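Following are the structures in question.
Consider the two complexes below, in which chain A is the common component and chain B and chain C are the respective partners.
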Partner chain A sequence: MPQFGSGLTLFLSLMVEAMPFLIFGVLVSGILLLFIDEQRLIAKFPKNPLLGALSGSLFGFLFPVCECGNVPVARRLLIQGASAPVAIGFLLAAPTINPVVIWATWSAFPDQPEIVVLRVVFSFAIATIVGWVFSWQADLKPFLQPNIAALMPPSPGSSTAESPEPTGLLKSGTYFLDQPGNPVALEAANLDAVLAIASPQRKSLWDKLPLLLENTIQELREMGGVLVLGSLLATIIQVSVPRNIILAIGQGPVTSVFAMVILGGVISICSTVDAFFALSFASTFTSGALLAFLVFGPMFDLKSMGLLLMVFKPRAVFYIFAIVFQLTLVFTLIINLWIS
Partner chain B sequence: MTAKRLRTKLFPYLPEGLVTLALGLWGTLILHYWRSGKLGLLIHPNYYGLTLAAGYFLLMLTVLQILKLWRRRLPMRAQHLSLLSPPVMSSIMLVAALIGLLVTPRPFTSQTAIQRGLQDTTLVTRARPQAFRTTSNPEKRTLLEWIRTLDVYPEPDAYAGQKVNVDGFVVYPEDLPDNYFTLTRFVISCCAADAYPVGLPVKLEGNRKTYAVDSWQAIQGEMMTETLNGQRQLVIQAKALKPIPEPDNPYYY
Partner chain C sequence: MTLGKDNLKQPWIGVNRWSHSHPLDRIAIAMIMVLSLLIGGIIWSGDHTFPKVREFSWQDQQIGVEDTAFILTFNRAMDWQSVTDHLKIQPPIPGKFSWSGRRLAYTLNQPVPYGQSFQVTLDQATAATRGDAEESVKMQPFTGQFRSRDRALVFLGIDGEENGRLVTHNFTQNTHQILTPDTLIVLDFKVDLKGDRILFTAIDRAHADQDVFEQKLYVVPLTPTATSPSHQLLLDNQDYQLLDFDVTPNGEVLIVQQFSRQANEPVSLWELTDSAPRRLQHNADGQFLITPDGQTLVISQNQGVAMVPLYGDANSKPVDFWPKFDQILSFARNGSAALMAQNNPDSTRSLYLLSNQGQEQELLKVGGYVLDAEMNPSTQTVYCLYTTFNRSQTASFDLHISAIHLDTGKKQRLITIPKQSSGTLSLAPDGSALLYEEVTITDNPSQSVVRDSVGQTISASQVWLYPLQDTNTISSKQKKPQKLLAGIQPLWLP
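Entry: the complex of A and B
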């Protein structure tokens, strides 16, 4: 029974500590989605592929979304004519390179600032590299699901500067909205009609508040549920797996990295709170392994894979996975084998 | 209105009701921990304010949601991408909050101290002390201050004969003879998830069985050097032991 007692304390402490950060992330991203005009921002992105990837990776500072929110936003960016490096840089970096996540990581590791700094540096480097790699594919359409490709403005890559007038209806905040009480599939054929009604840019502040409440509750339900499951899994591993097994895996410079990358890919915990999850492994796992979890998890996990497949074809999702996976391994193994 | 009609009428509200209840219970749970003083068992005091704000926010959200449902307004159908169905997610949160409300969390025990590596001295990873502040008077050092002093200057002989006055709970490590126990405390830097144990061996006159595992003791004694398991280390030679009640907040920071 002592296992149950300490397991419960562990589980509740993870939940109670993570809850404010979860709420904060949901609120800030909800507010920005409803109030920022993305289209004007997209026009400002640099056209150079490398600079595009760089600025796309930093775009998360304006849209602090975790990995549940970044796919819909990246999809909107693509449809509105953002170039591939911008959209993919954003897709991979936004869940990590944003103020809420950096703050949460800092809170979880106050004694290990290197974890915070390296998490940001590695995520930023990987997102930029992958975004840049994808810029070699001049036309991204073969990589996208047909319904998304059909919505993109013609000749992508070069069209960032011309603001795409014909689809002036695609404003921010539309992805979680539909007609009241009447679900309408978001398809090319009826897209304009659907979004014309739901576009929050045309609504007054007073009208937007109920939408914000709605968005907040839905996101809290989704991410809160995953947080409960993730905390539960962390707790079960902590109290039930014998210490010598955990140590044997966690103290090996290579095994620990692989174990944490797999864990990060499986548990799909929201990036706003995954630092607290990693914290419960901090005393038994190498720093490289914790970093691998914190870098890889937000970029690619089971949940985000499902979301990515709604935008990209399986082939492209596999490319993203393979590059991100290998870069994570390289960076974190360098830390484990040569630096720490 | 027949029962069936009532059910069809209320059914669309069920998912909304579930999530409202779940969020409301989480808000209640946080405030309950605050009022009962149990929040200190879970998180570092630096985060009390933040967590309390989250608790109040959740309750506010619940009230707004109830007002909305009261006016019989169903939410707009959302095109939200989710992993499991919304009612399942709400139920998971609901059950977790109920468990938290029904079972009182307990501080970590000696079993956790051993699981968390009280005896390991050779870990690659180890939470490192940040601030090094200690009183020059050895009698006033807490257990944690002793450990930090040792971290900086590990030679046990340097402390021989110094007076000790510390408290903590009793752990029986498997690798020490039965006239020793380890006086232990947990240190946290963020929340209970990162708690790690610190402790010093205490040498007793008789068998350790007199002092139950997990009992809290205030110990007065003197420092000495002993060779335990082939390693020279600092040991407290106990002169007087006094059982004390478990403190409200058992952690060091």
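Entry: the complex of A and C
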């Protein structure tokens, strides 16, 4: 079966290329989560909405987390008093605008530097614009899940009357393993306990190392699983769908963008390694479509939607989705129809 | 939290109750509407792009024998047939097309001919039909150019002021230039193409009676300019006498063979780097060559030929050892085979081809000595320089060059120079011609400081060019050697 052979080759090459970046990303993210005092950083963010969104977008450089890790961090930023533009800017930009992802994208597309540059520019622009849109809402609490809103620092005129409801839909996210076999989910309900583990001041380096190891293994298992599934899906699409159909979709300046935006939203592959996934489509899909996948996927996909719904109310999640989706289309359609 | 009915309706709450909505609802919905209009406008305005060549990997490059393929990258997937039909290279170079998505690779069947300019043109080609476009669009016309390296040689001068000095002669630009100063007598030289320089050993002309063990290693730029320094000393002979050296064609690895003046130690090999020289763990008192990949040394030892890792330690064993061979002559350019010489018990010598799979094949057996052999770039023909004992003359050898065609095993003697026992052979990098010399040796007093391997004075020497093109189809009668210039040890520049 030649298709099985070429499929296996494609699958393994995707895995081999992507795995080192995933391990590196998880390690760096774990180290920074454990060793950086984010409260001090929050105090330094500018109060101006646009500058706040800009700096929130750039915050990812200090927290190189993919979209699996950024929601818990953004949630922690909100609870600790960061403004909405900062938190939203970080939420959307951090998975893309960080050194690990830029390096991985560069490794995947060494002969198409414009993909790397435009991925960063578009992600940065979209994150800042959405952050700026959210800055119009002075008090974000009506748009947050009640249990998060309850933990936020009080602000004038805010309503915290809604009672917290238990969150049982999705248990994905960042966990710290306090004791082996006893994971502590990084959630608002047990925030104090989690902060006690993660707080840079309260634990010595010696105590943090086992936590780092456990956290790395935990994240690797979770994201590695998604990587395997994503690679498998990419392989199946490449091998089973007839080439003329893929070409017909992939070469259409409009259809290709829509196809890849939907793919990016569905497969939920980690932003640390999604460039290698996109690379397998590079020869058949337009540049705009690859960019659409690389920009939209890390900002919004099925997996992160589940995580977002643990923080925001569905209405806010819908706004984030719609504006990110539309801005991605605007930018990448301009690339395909006017520039490429 | 669960996604109940109420929650699903919530996105539209802001629309239904506009007056009670939050600022975020208003700005977000306004933004969504504006963006919807914008997306509609962009799609409605249609496609404003054309298929075009985005990158040509050889654009304005000077390419050589190591460049085997160029790549054209398009901005979108093309109709492969229309591109291969319309791509033109002037003058034509035969080759093969291969595609990988938007990239077309054109792999040459043979090394590019040297000393020429080429133009690549492509127009009228069409893009692959796009899914939502009605018909394929013609591309923007493309023109690219590249040139191959100059046909040029370097040699040791023999006449007048060139005597004992390195000289380059460029056929393409028709230039002739002395590279080394008149204070030095050059003994041996090798080209470092990447560094655009020549490494050479030389002794002082003021002490022309010095033996070869007093030589020092120098370097000189291949294309000297008014501002660049001329020659530079690379390695002196204060503590060690310099015996031999070799450099990979890309100039990355430079190995010298030295003998200590003071300590009673064996002949040692050193790697010259930008910092301090590094002594290799393996000693070698015989002739040696670096493999084309720069990772291994092949050393001709007393009892055979050994292959040792360049970066091994004292305990690392030879990668391979061939007890039957006596001398390594050269490697195929792609590293697939080596040419070896063997001394037979009946006082004859044999030329062997040894593949990197370990298969050996005797190519030639001669009554004299195998001096040198080279394989052509397509690894189909081996050219061998050797001597035979001339029975009509007392203690005299004749020098020959033969071509051995590997696929048929056919041997073809190309050149014979009577009464000459030593010489050199150089095959052009594109395989188009051979260079060799015809020397005159004198026992009489002479102005010349150039000596042969046994110390006899060479008073005159003529460099000859033997055109090859395709020795399979053209009989040797149709080809005549051409007299080039006065000199010795001619070497094509890679």
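The criterion applied here is as follows: the second predicted complex is superposed on the first by the 294 of 340 C-alpha atoms of A that agree within 3 Å, B and C clash if a C-alpha of one lies under 4 Å from a C-alpha of the other, contacts with A are read in each partner's own complex, and residues count from 1 in each chain.
One rule holds for everything that comes next: contacts are C-beta pairs under 8 Å (C-beta built on N, C-alpha and C of every residue); 3 or more make two chains touch, one makes a residue touch a chain.
Given the structure is predicted, the values throughout are model-derived calculations rather than measurements.
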- Task: Evaluate whether chain B and chain C can sit on chain A together after superposition, giving fit or clash.
- Result: clash
- Task: Figure out whether A:A282 sits in contact with chain B (first) or chain C (second), or with both, or with neither.
- Result: both
- Would you check which partner chain A:V254 touches, where first means chain B only, second means chain C only, and both and neither mean what they say? second
- Which partner does A:G5 reach: the first (chain B), the second (chain C), both, or neither? first
- Task: State whether chain B or chain C is in contact with more residues of chain A in the superposed arrangement.
- Result: B
- Task: Could you look at A:E222 and tell me whether it touches chain B, chain C, both or neither (first, second, both, neither)?
- Result: first
- Query: Which holds for A:L329: it touches chain B only (first), chain C only (second), both, or neither?
  - Reply: second
- Message: Looking at A:Y319, would you say it contacts chain B, chain C, both, or neither? Reply first, second, both or neither.
- Response: second
- For A:V133, decide between first (touching chain B), second (touching chain C), both and neither. second
- Item | Partner chain in contact with A:Q145 - chain B first, chain C second, else both or neither | second
- In the combined picture, which part of chain B sits where chain C already is, 115-123, 169-177, 187-195 or 205-213? 115-123
- What part of chain A is shared between its chain B contacts and its chain C contacts? 111, 247, 250-251, 282-284, 286-287, 310
- Query: Residues of chain C touching chain A in their complex?
  - Reply: 1-3, 7-8, 10-11, 13-14, 22-28, 31-32, 35-36, 38-39, 42-43, 45-49, 55, 73, 75-77, 100-103, 127-133
- Sites on chain A touched by chain B in the complex: 2-3, 5-6, 8-17, 19-20, 23, 68, 71-72, 107-111, 175-183, 186, 210-211, 213-214, 216-218, 220-222, 224-226, 228-229, 232, 234, 238-239, 243, 247, 250-251, 268, 276, 279-280, 282-287, 303, 306-307, 310
- Task: Quick one: which bits of chain A touch chain C in the complex? Just the residue numbers, please.
- Result: 111, 133-134, 136-138, 142-143, 145, 165-169, 247-256, 282-284, 286-287, 309-310, 313-316, 318-319, 322-323, 326-327, 329-330, 333-334, 336-340
- Complex contacts: residues of chain B adjacent to chain A: 19-20, 22-23, 26, 30, 33, 39, 41-43, 47, 50-51, 53-54, 57-58, 61, 64-65, 68, 74-84, 86, 88-90, 92-93, 96, 99-100, 103, 105-109, 111-112, 114-117, 120, 123-128, 130, 189-194, 196
